[in-house]
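Two complexes come next, and they have one chain in common, subunit A, joined by subunit B in the first and subunit C in the second.
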Partner chain A sequence: MVRYLLRRLNLFLATSLVLFIVLFIVTNQFPVEQRFALTGIQSPNAQQIAQIETDFNLNSGVFNQFIAYLQQRLSGNLGISATSQRPVADELASVLPATFELAAVSGTLALMFGLPLGILASLSRHKVTQHTIMAITLTGYSIPVFWLGLTLSLWFGVELGWLPISGRLNLLYEIEPVTGFMLVDTLLSTSPYSTSAFFDAVLHIILPAITLAVLPFTVVVRITRSAMMTIMDQTYIKAAEARGLHTSRIVLRHALPNAVIPVIKSLGLMLGSFASYAMVVEVIFAWPGIGSWLVAGIYQRDYTVIQGGVLAVALIIIFLSIMIEVLHTSINPLSRKELYASN
Partner chain B sequence: MPQIKVYQGDEIPSPMRKIWLTFADNPFAFAGLWAVAGFLLLAVFGPLIAPYSAEHQDPQALLLAPSWDPAGTVEHFLGTDDLGRDIFSRLLHGAHLTFGVALGIVLTSLVLGFIIGSISGMMKGLKSSILSHLLDALLSIPSLLMAILVVAVMGPGLNNVFWAVGIALTPQFVRAIHQAIHEELQKEYVKAAKLDGANPIQIFWYVIMPNVWDTVIIQTTLGISAAILDIAALGFLNLGAQAPSPEWGAMVSQGMDNILTAPWTVTIPGVAILCSVLAINLVGDGLRSALSPINN
Partner chain C sequence: MSMLIKRLSRYAMVTCLGVLAVGCGPQRVPPGLVYCSEGNPESFNPQLVTSGTTVDATSQQLYNSLVDYDAKSGRITPSLATDWLISDDELTYTFTLRKGVDFHQSIDFTPSRQFNADDVLFSFNRVIDTNHPYHSVSKTGYPFFQSIGFDKQINLIEKISDDKVAFHLNARDASFLSNLASGFAVILSEEYADGLAIRGEKEKIDRLPIGTGPFQLIKYVKNEYIRYHRNEHYWRTLPKSEMLVFDITPKSTSRLAKLITGDCSVSALPKAGELEVILAHDELVIDSQPGFNVAFWAFNTQKPPFDDVRVRKALAHAVDRENILRVVYQKTAVNATGLLPPMSWAYSENKPIINYDPEEAKRLLKEANITKLSIDIWAMPVARIYNPNALKTAELIQADLANIDVKVNIVSYDWSVFNQKLSQHSYDSVLIGWTADNSDPDNFFTPILSCSSVTSSSNRSRWCHPDLDLILAQARSTTNIEERKKFYQAAEAIFASQLPMLPLAHATKLAFKHKGVSEMELTPFGGISFTGTEESANQNKPKEELR
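Up next, the complex of A and B:
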C-alpha cells in the first residue's frame, strides 16, 4: 500500500510539473511583454525591472528561466493583478472559498438525491417508472448549463420572485469573513442579525447549487442504477435473499457498498466538466468565486489572473482526482490486484 | 423454381447485425438516430433552406414573438430578435457552426487520441506510463480553462474554440483507448495469439482492436455531446463565436439583453442545443446497451 501511495504521490508531482511546463510555455506565448505577463506590473521602473530580471532569471537560457519561474510560483509569488493591483495569491484566497462552498453544497445535493433515486430506479420493475427516470436523467445530462441557469433564474427569480438570483448575500448584511464560507461565517458572526443573514445566505445558494447539481445528480443516478442492476443479479444477493433477510438490509448492507465503487470512479472522471460547469454557473449567478473571477480576468486580459486561476483550478483537480483514485483503490479490493499501478 | 428451405433453424445474424437489431429494438435510440440524421442534414443543407440570410435585418419586425403566439406571424416562424433577424433562419445557419464544428473537433481529436492511445496501450512500463500520463496534466485542465488559455494567447473566435475543445478532448480519447487496450492485453486470448506467433501489429489490429471498437464508439458519442455543450458554453461566455455569428450559444448570449421582454430569443436556441445533445446522447445510450452484452 505504501508503494502504491508513493506512486500516486509521484504521479501528482509529475503531472503538476507537466502543468507548470504547459503554463510556462503559454505564458511566453501571451501577446504582451514577457515581464508584464509574469508579474502583472504594467510599467515597471528601473529598479523593478532589475528585480523582475533577477527573480525570473530572464537573461539566462530557457531551462534556467523555467527553474526560476517554478521557484517563484511555488513560493507563492503569482504576480499582481493588472486591474486591481492586488497580489493574485490574495485574490485567489478570497475567491476560492466561495467556489468550494458552491461545489460542496451541490455535490452533497447530487449525492443525497442521486443515490436513493438510483437505487429506487434499479429496484422498480415498472417500465413507466424506469423510462421516466431515464428520460429525466438523460435530459439533465444533455441540458446546456447556462441555459438551465438562465431559465431557472428567470422563472424562480423573476417571474415568481421566490429566490435571489445573484451574489452570495444580501447587501444589507455585513458579515466579517472568517473562513470565507458564507454559510459558516453567518453562523459564527456575533452580530444580532446573524440568523437572518444565515437564512439569506441559504436562499442565495439554492439556485446556483441546484443548477450545478444537475450534472453530477444525473451521472450518480445513472451509474448507481446500472451498478445496482448488475449487483442485484449476483448469486450472493440471492443467497442473502434465501437466508430470509429483509430487502432493505440486503440493499443497504450487501448491495450498496459495491454499487458505490463505480459511482466514486465516475465522480473522479467528472471533475473536469464539473469545474467547467461551475465556472459558467458562477458567471450566470454572479457568484464571486474563482470561475467568475477568471472569466472577468480574460475579458480584461489580466494575464497574471489567468495564470493563477488556471494553475489553482488545475492543481486542485489533479489533487482531487488522485485522492478519489486512492479512495477507490482503498475501498475496492478488486482494483488492488493492480496495485503496482502500471497503467 | 423457388428454393426449398431444407433446414428449419433460424438464420443466425452476424454480430454487427445483432448489434443493429438490438439497437433498432430500442425506440428511443432509434428516434435519436433519426434526429441526429436530421441535424446532420440541417448542418449541410440548412443555409439552403433558410428563408432569410443569417444577418438579414427586418426593421418592421423587431422582437416579434414566435408564430404560435397571437402577436407572431408565420413569416418569422420562431420570431425575431432585437435587430429583426429571423431566429429560424439563424438556427439553420448556425447548425453547421455548433453541430458541424463539434463533429469536426471530435473527429480530429479521435484520430489523434487513437494513435497516441494505441501506441501507449500496446507498450509496457515506463514508456507507456510517460505517454499516457503526459496528457493527464491536460486532462486536468477543464475544457473551459483550456479555452481561456487559448483565447488569452490567440484571441477569441470560433477557430480558437476548435483548438481549445480539441486539446481538452484528446486526452480523454487517449485515456479511454489506452485503458481498453491495456485491459484486453492481459486476457488469455491475446496470449494464445501470441503463442501462435502473431507479431505485435497483428495482435493489435486483428486480436485486440475488434474488442476495443465499442469503447471507441461510445467515447465518440460522449465526445460529440461534450463538444457541442462546450462550443455553446464558450459562445455564451463570448469567448468563442463572436457577436453577429449565429452559433447557438452565441445566440443565447445575444438574447440575454432582452430576456425579460422577449424570452424566446434565449429559449429557442437553448432548446435547439438541448435537442441536438439529447439526440446524440440517445444514440450513445442505445449503442451502449446494444454493445454491452458483448462486453459481459
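Up next, the complex of A and C:
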C-alpha cells in the first residue's frame, strides 16, 4: 500500500511539473513584457526591475529561468494583480473558500438526493417509476448548465422573487471572513444580525448550488442504479434474502457499499467538467469564487491573475483526482487484489 | 420494500420542509443602502482620473471641495470655504476656510487637528508642483488638471493664515471657481500624507483615502463591492443611511435583475431598452435629469488618414445619427448639434452639424483619394451616461459605413484595459463621450479639445488647433456672459468646420431605484450623491412581503 501511495505521489509531482512547464512557456508568450507578465508590476522603478531580474533569473538561459520561476511560484510568490495591486496569493486565498463552499454544498446535495433516488430506481418494480426517474435524470444530464442557471434565476429570482440570484450575501451584512465559508462565518460572527445573515447566506447559495448539483446528481443516480441492479442479482444478496433479512438491511448494509464504488470512480472522472461547470455557475450567479475571479482576470488582461487562477484550478483538480483514485482503491477490495497481484 | 420507500420519501419531505423553514425565518437587514454601480474604480482619489466610475465612487462620498455648485440655482455655493473674495483685477481669489471640519479616522490615521489651510495647499500643490514629494506618486498624472492647464493657470497658492488661502492666477479665468467646484478638485489631508511619507507608504494615500466627506471607505473588494460607513463627525447634516455599499455589477441586465430582486436599491446607468421593464414593476421608479454630457465618435487626428478633414467629414456624412438615437438611446437623448448641450447657457440652436448624406461621403472620399479604407472603431465596454451601449452604436456605424465601402473593425476590451490602451494613442477612432464636471461651457472645450489636453488622456481626438485655443482663452478672460456666449459660438463654428469628432447625442441621465429610496441626488454633472439617502419604507419592500 505504501508503495502504491508513493507511486500516486509521484504521479502528482510529475503532472504538476508538466503543468508548471506549460504555464512557464505560456507566460513567455503573453503579448506583454515578460517582467509584467511575471510580477504584475505595471511600471517598475529601477530597484524593482533589478529585484525582478534576480528573482526570476532573467539574464540567464531558459532552463535557469524555469528553475527560478518554479522556486518563486512554489514559495508562494504569484505576483501582484495588475488591477487591484494586491498579491495574487492573497486574492486566491480569499476566493478559493467561496468555490469550495459552493462545490461542497452541491456535492452534498447531489449525493444526498442522488443515492436514494438511484436505489429507488433500481428497486422499483414499477416500469412507470423507473422510466420517470430515468427520463428526469437524462433530461437533467443533457440540459446545458448556463441555460439552466439563467432559467432558474429568471423564475425563482426575477419572476417569483423567492430567492436572491447573485452574490453570497446581502452586502449590507458586514461579516468578517474567518474561515472564508460564508455559512460558517455568519454563525461565528458576533454581529447582532448574525442569525439573519446566516439565513441570507443559505438563501443565496440555494440557486447556484442546485444548478451546479444537477450534473453530478444525474450521474450519481444513473451509476447507482446500474450498480445496484447488477449487485441485487448477485448470489450473496439472494442468500441474504433467503435468510429472511429485511430489505432495508440488505440494501443499506450489503448492497450499497459495493454500489458506491463505481459512483466514486465516476465522480473522479467528472471532476474536470464539474470544475468548468462551477466556473460557469459562478459567473452566472456572480458568486465571488475562483471561477468568476479568473474570468474577470481574463477580461481585464490581468496576466498574473490568469496564471494564478489556472495554476490553482489545475493543481486542485490533479490533487483531487489522485485522492479520489486512492480512496477508490482503498475501499474497493477488487482493486486491492489487483494492486497486490501487480506488485 | 414499501417501508424503505416510505422512509425515503419522509426523509425527502423533511429536507424540503427544512429549506422552506429557512426561507420563512425572520429577516433583519442592517440599515443602509446598496447602489449597483457599473465598474471598479481605478483609484480612490478623483484627482488622478477622469473616469466617471471613479468620480461616482469618490468625489461626493469621501471628499469635499472648497466650493460646490448648486444645480438648481446655477450658483457656486460654499463648502469647505465659507466665503471668498475676488480681487478687482480678478487675479487673486482669497478663500476663508470653514472651522471645525474633521477628517476621517482610520486604522492608519487618527487626525490630531482639524481641516486648515495646509490641507488646501497640499491638495493643490500636489497637482501643480512637479517637485512636490507626492506629485509623482500618481502613475497616471492628473488628467483633468492637465487638460485645463491648471498648473499654468496658477501662479501661487498662498497661506495667509490657518483659515485663509489665496490663489494667485496668471491670467483672468472665468471658469476658475467652476473648476474648483468640480468633482476632481477635492481636499486631502496633509497630516495623513506626512504620516505616510515618514513610514514610506506614500502610495497608500490614493488607495486608503482620508477625506472630509459624508462617508468613509471601509473596504473595497475588487469586482465585488465597496463598503462605506457614515462619517459620524461630518460637518454638514449627517447622511441618513449608516452604511453605503457599491455593488460592482458590470452587466446592465444583472443590475436590473438585482434591482428587481431587491439586492440593490438604486441601479446605475440603465440601458434605454430596460425602461419598459421598470414601468412594469410598480415598486420601481425612474429618476431622470437632462444630462450635461455629449457622446461622440472621436477620430485620432494625428493618424492618417484622419488628419484629413475631408475623410472625417466623409465618415460623418455616412453615419445616420437619427437611427443611433432611435436604436441606442430610444428617445432618452437629444440630437447633438454641436458640443454644447441645450441645457448650457452658451447653447444656441444651430443647424445640424452635419447631415446624413452617403453620396456626399463617397464624393469626399474620392476627392481625398482614398479607396478601400478600413478603420478600427474602439467601443467602450461599459455603459456610460452619455452612451448606454457603445458596442451597439459601433455596430450601427459599421453598417452605415459599409454603404460607402469603408470596412469597420470593432475593438473592445475590459474598461481598465481599454483606458490603458487608449492612452497609448494607437487607435483610429473611438466611441466615447464627456460628462461635464461643472456648468461652465469651457468644460466642454478645454478638457477635450485644447492643445494642452493633448498630452493628458481626455483629448480623444488628439486635436490641437491654435485658433480654437485662442478663442477659448479669450472666452475665459471675461466674465461678461453675452461676450462669452459669442466666443463659444465661434468655437462651435470652428469645431463644425474641422470636425475632429462627430457628436452623436446628449443623453438624459437615468437611474432606477426603489420607491422607498428618498433624496438620492442625480446631478446633471458627473457624480452621484447619497447624502441624505435612506430607504424609508424598508418593510414595504416586495421581497420582504413574499418571505
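Everything below uses one rule, namely that the second predicted complex is superposed on the first by the 338 of 343 C-alpha atoms of A that agree within 3 Å, B and C clash if a C-alpha of one lies under 4 Å from a C-alpha of the other, contacts with A are read in each partner's own complex, and residues count from 1 in each chain.
In this section, a contact is a pair of C-beta atoms (placed from the backbone, for glycine too) under 8 Å apart; a residue touches a chain by one contact, two chains touch by 3 or more.
Keep in mind that this is a model prediction, so the values were computed, not measured.
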Clash or fit (per the criteria above) of subunit B with subunit C on subunit A: fit
Which of subunit B and subunit C A:Ala286 touches, first, second, both or neither: second
Partner chain(s) touched by A:Val158 [first = subunit B, second = subunit C, both, neither]: both
Which of subunit B and subunit C A:Val214 touches, first, second, both or neither: neither
First (subunit B), second (subunit C), both or neither touched by A:Ile223: neither
First, second, both or neither for A:Val145, with subunit B first and subunit C second: first
Contacts of A:Ala98 with subunit B and subunit C, given as first, second, both or neither: neither
Touching partner for A:Ser276 - first (subunit B), second (subunit C), both, neither: first
Touched partner set for A:Met232, first subunit B, second subunit C, both or neither: neither
Touching partner for A:Leu19 - first (subunit B), second (subunit C), both, neither: first
Subunit B and subunit C, minimum CA distance [Å, superposed model]: 5
Residues of subunit A contacting subunit B in one complex and subunit C in the other: 158, 299, 301
Footprint of subunit C on subunit A - complex, ascending: 42-43, 81, 83-86, 91, 94, 112-113, 116, 119-120, 123-124, 153, 157-158, 160-167, 170-174, 193, 195-196, 199-200, 202-203, 206, 247-248, 251, 286, 288, 292-293, 296, 299-301
For the subunit B and subunit A complex, residues of the former touching the latter: 124-125, 128-129, 132-134, 136-145, 148-149, 151-153, 155, 168, 178-179, 182, 225-226, 229-230, 232-233, 236-239, 249, 252, 256, 259-260, 263, 266-267, 270, 273-274, 277-278, 280-282, 285
Residue ranges of subunit A touching subunit B (in the complex, touch as defined): 11, 14-16, 18-19, 22, 26, 29-31, 138-139, 141-147, 150-151, 154, 158, 271-273, 275-276, 279-280, 283, 294-295, 298-299, 301, 303, 306, 309-310, 313-314, 317-318, 321, 342-343
Sites on subunit C touched by subunit A in the complex: 1, 3-5, 7-8, 11-12, 15, 19, 22-23, 25-32, 34, 40, 139, 207, 218, 221-225, 227, 243, 245, 247, 249, 254, 257-258, 260-263, 413-414, 416-417, 542-543, 546
